[in-house]
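Dumping the structure here so I can ask a few things about it.
The letters A, B, C and D name the chains in turn, as written, and every chain counts its residues from 1.
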Amino acid sequence: MTTSNPTAILLVSCPDQRGIVAALSSFIARHDGNIIALDQYVDVEERAFFARMEWELAGFSIPLEEFAERFSAVADPMRVSWTLHRSDKRLRMAVLVSRQTHCLYDVLARHESGEWPADIALVLSNHEDHRSLVERHGLPFHCIPVTAATKADAEARQIALLREAGVDFIVLARYMQILSPAFVQAFPLQILNIHHSFLPAFAGANPYRAAHERGVKIVGATAHYVTETLDEGPIVEQDVIRVSHRQGVEDLVRLGRDLEKIVLSRAIYWHLHHRILVYKNRTVVFS
Amino acid sequence: MTTSNPTAILLVSCPDQRGIVAALSSFIARHDGNIIALDQYVDVEERAFFARMEWELAGFSIPLEEFAERFSAVADPMRVSWTLHRSDKRLRMAVLVSRQTHCLYDVLARHESGEWPADIALVLSNHEDHRSLVERHGLPFHCIPVTAATKADAEARQIALLREAGVDFIVLARYMQILSPAFVQAFPLQILNIHHSFLPAFAGANPYRAAHERGVKIVGATAHYVTETLDEGPIVEQDVIRVSHRQGVEDLVRLGRDLEKIVLSRAIYWHLHHRILVYKNRTVVFS
Amino acid sequence: MTTSNPTAILLVSCPDQRGIVAALSSFIARHDGNIIALDQYVDVEERAFFARMEWELAGFSIPLEEFAERFSAVADPMRVSWTLHRSDKRLRMAVLVSRQTHCLYDVLARHESGEWPADIALVLSNHEDHRSLVERHGLPFHCIPVTAATKADAEARQIALLREAGVDFIVLARYMQILSPAFVQAFPLQILNIHHSFLPAFAGANPYRAAHERGVKIVGATAHYVTETLDEGPIVEQDVIRVSHRQGVEDLVRLGRDLEKIVLSRAIYWHLHHRILVYKNRTVVFS
Amino acid sequence: MTTSNPTAILLVSCPDQRGIVAALSSFIARHDGNIIALDQYVDVEERAFFARMEWELAGFSIPLEEFAERFSAVADPMRVSWTLHRSDKRLRMAVLVSRQTHCLYDVLARHESGEWPADIALVLSNHEDHRSLVERHGLPFHCIPVTAATKADAEARQIALLREAGVDFIVLARYMQILSPAFVQAFPLQILNIHHSFLPAFAGANPYRAAHERGVKIVGATAHYVTETLDEGPIVEQDVIRVSHRQGVEDLVRLGRDLEKIVLSRAIYWHLHHRILVYKNRTVVFS
């Protein structure tokens, strides 16, 4: 349920403890914040508390630049980790892509039709193929070829371009190069990847061929944050489609394309609306 | 996420207003209640607030028999409607069934294997067919035939039996008689039905035949609370299965049976765990 | 399972009768056709037989221009209705669209990336909005406004344009005008529409609002051939997505967009590959 | 689409070759067999042909005891492997179970309500727990405890019991002992297992815990034939259910139970109706 009025969004995690919801919600209420969404989750096993609170900025009596100072009186004693976001701040995203275009087309279309509160700052590819597709959308396109020999240099150039463009987060829209740990560390939990299998099944290369050979009756796609270990980052979203013996590898590839673009776009939507918390390599998604 | 310790469960609905979450959660915290689950939902369009709070009874400083009196100081000014439940109170359920057995088998199996915090007080049918099936589970079975001429009498006997047995809620496990308004009013929002279609499509009789004739590619089942208008009560749960031209009516019936029993059991589970709120003929399910 | 070699595709329907498969497959085999796919279906209730046979053109000893004459010796005695298609003949499609763009973007992207053996001959709209979107894909765009007063004229112009362009079939990619019977009859079973609900539930206008008000737990989309009765043509494909009380009407619209474009594209794929037979307002889809 | 008349069912696999469908269907037609279902599939990559033909026995001019001799004239030159089945021959199944009861309850209920053309010859368990549950269905129950030390003996006793009972196929309804290669070889492709994960993800023990730890957003169940390598036999059916961070391991177990029993029952249904062919550790399921 959405509102068109600007809101503040607070993401919180801390040890579970008595009174934590009361403390958080009272703080907002006391300063005249009208909470329009409060999602919370207690992981009983881990004794961990997570919440997402969203309230209207109109009427809220604390200027956001003073929020940290004022909120510390509540947060510090309860050992609360938190981040604060504004719904009216458009994030700047970068898109990395290789040869496959289905996710790129879908991301560009959603961006252009205003589906997301975000601006695409630039598109990076290791191939020239899609320059005209990107540029006709009026977006900057940079081609940085990557080979084993040039990878370190290429990544340095990529990182520089991303920094210059003030990028908040990065979407790997079927980008087929493995990012180095250094690249990943430069953008912690800010890189979303789409993997074309139902992870952890069929990690790595050629998942549709592997799925076909195993004879599975359902194939999937997985959106996850990129961490230093390939295909093992925290999963944000997955979806599947039923297949049968009739579908050869090419059919799985074709059917999978639709899964991939939908799953990736859902993950992007949640990221942009600050609905995802990560802990212990898992995600809490307040969808 | 569950706990095996006894808990109190508070279901709340009221006009949306500033400070409502803070008021509710502070009340529990102030009396040393350890909240293990808090789900809330604001219907922005209707300006309505709904919540489910669950906290451990151990340590909670208000005896539940005094809860109403003490809570009224919070609830009354905010015009809060509420119900309070204990996780350690087993509900008493009745099962009504006609000739089809798949839901009955499934309900009996779940009951016997301890899946639900509930006791089956009795099984009522308008046919004798399933007496031995029920009785070998050690449960009372009553056959009350229903004809157009005897319907009022039959319902009076049914209601008397249900009252005597101290029944908290009623599951229509493919019971094919239409309940009169008087019967429904005797158990408001305490009767769960399973309808063998994806409502509102194919309400009424023979939904699988109607689905086949319309040539749909997906069939469904719907669990809903019974109200005075047939097949129009608030929907609790639905699920679907893909079909094709290859499935004739009998195949739809066969595939649908699995849907029906699963969908019905999910609705029962949520009802038993006090996870459902009803408003404006819709449900809020904190699943 | 696909082959890149050109094939012939024969769609057949007739009364069910002994020896029909043998007669059909023997005819192809006798003329050295290598069958790579044979799907058949018997509707036992209707005593009707349907089949799709696909064989490689290479080696087939009958020139296709003589097929009708030669095949009549088999087909006529068995009262077989049939159509013959070549996999290497690209169909010419037209796209009709109003203001919503998600299906249009998706269709243009699939076309441009070569996913379909089809050419978009033209895009028609009753609004000017999407001219630049279409034209940057290098495709003709025609705006023909439609009002109650001008509808007959507008349709006449549309039909003329479609005829001139040699269009084989028409995709209504969220085209919000109701086509007259005359228009529909001009393109029998050649118009595919996407309806934004799980038909027959929520036919007509504003299905997402209606779905929200009914409180359904699953929403859907339906691709169907257009017939003279609104939203009642033979269903080709449907799919659904789970929702909850948390999704307001706008959320349903957003989630539904993805369903609509996927469901429509699957129907287009099957149409283009001659995998759909229609009878009694239902479809046989050899998917 | 089903018929209640007795039918013959022929399962065929052979190298793909011109005229194979014609040869098979002509053979049946020539002997006055009325084909009510013909499913065929060509694996283009493997150049392999598979088919299932079902025709009414009434009117078929070859006594089935002479079928092999007569059919060899067609089958031998085309190197056809085949099996022939009668729809009116009820298979004899055995059920093996350990402590979990949900699949057992479901199998017993389907058997008792006549859903399957099969008789349960006996139920075997390594525990005494479910004797009364089985015996009240009027079925033989045998408890054969299994320890590492006694496993060879125990399996010998199990095999002897299964042979004596004339068992055609075996259902592992959450039987938690690993079968030895010798046991598996005694019943090749006649043992169906249900594994409580979406294989190949989470093979082995405790898949729900592993799924929870990996943070997947969907969990599944897999029915497969048992081969000598644990959890690697040919997959017959899979299904999935969406979960979120809110579901702890116990919730996954609970939700998974419903998946397991449904997926297992679909695989049993197809096995009983001779709809499954196995090759290269994959299945062709003519569902």
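By definition in this document, a contact is a pair of C-beta atoms (placed from the backbone, for glycine too) under 8 Å apart; a residue touches a chain by one contact, two chains touch by 3 or more.
As the structure is a computational prediction, the values presented were derived from the model and not from experiment.
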| item | value |
| --- | --- |
| Steps needed, at minimum, to go from chain A to chain C via contacts | 1 |
| Copies chain C and chain D touch via same or different residues, half shared test | same |
| Pair joined by the larger number of C-beta contacts - A-B, A-D | A-D |
| Approximate Å spacing (C-alpha centroids) for the pair chain A, chain B | 37 |
| Whole-Å gap separating chain A and chain D, where each centre is the average of the chain's CA atoms | 41 |
| Multi-chain contact sites of chain B, meaning residues that touch two or more partners | 1-2, 41, 43-45, 246, 248 |
| Sites on chain C touched by chain A in the complex | 1-2, 101-102, 105-106, 109, 112-113, 115, 136, 246-248, 250-251, 254, 258, 262, 265 |
| Interface residues, chain B side, partner chain C - complex | 41, 43-45, 198-202, 213-218, 220, 234-240, 244-246, 248, 281-285, 287 |
| Touch list for chain D against partner chain C, complex | 1-3, 18-19, 21-23, 25-26, 28-30, 32-38, 40-45, 242 |
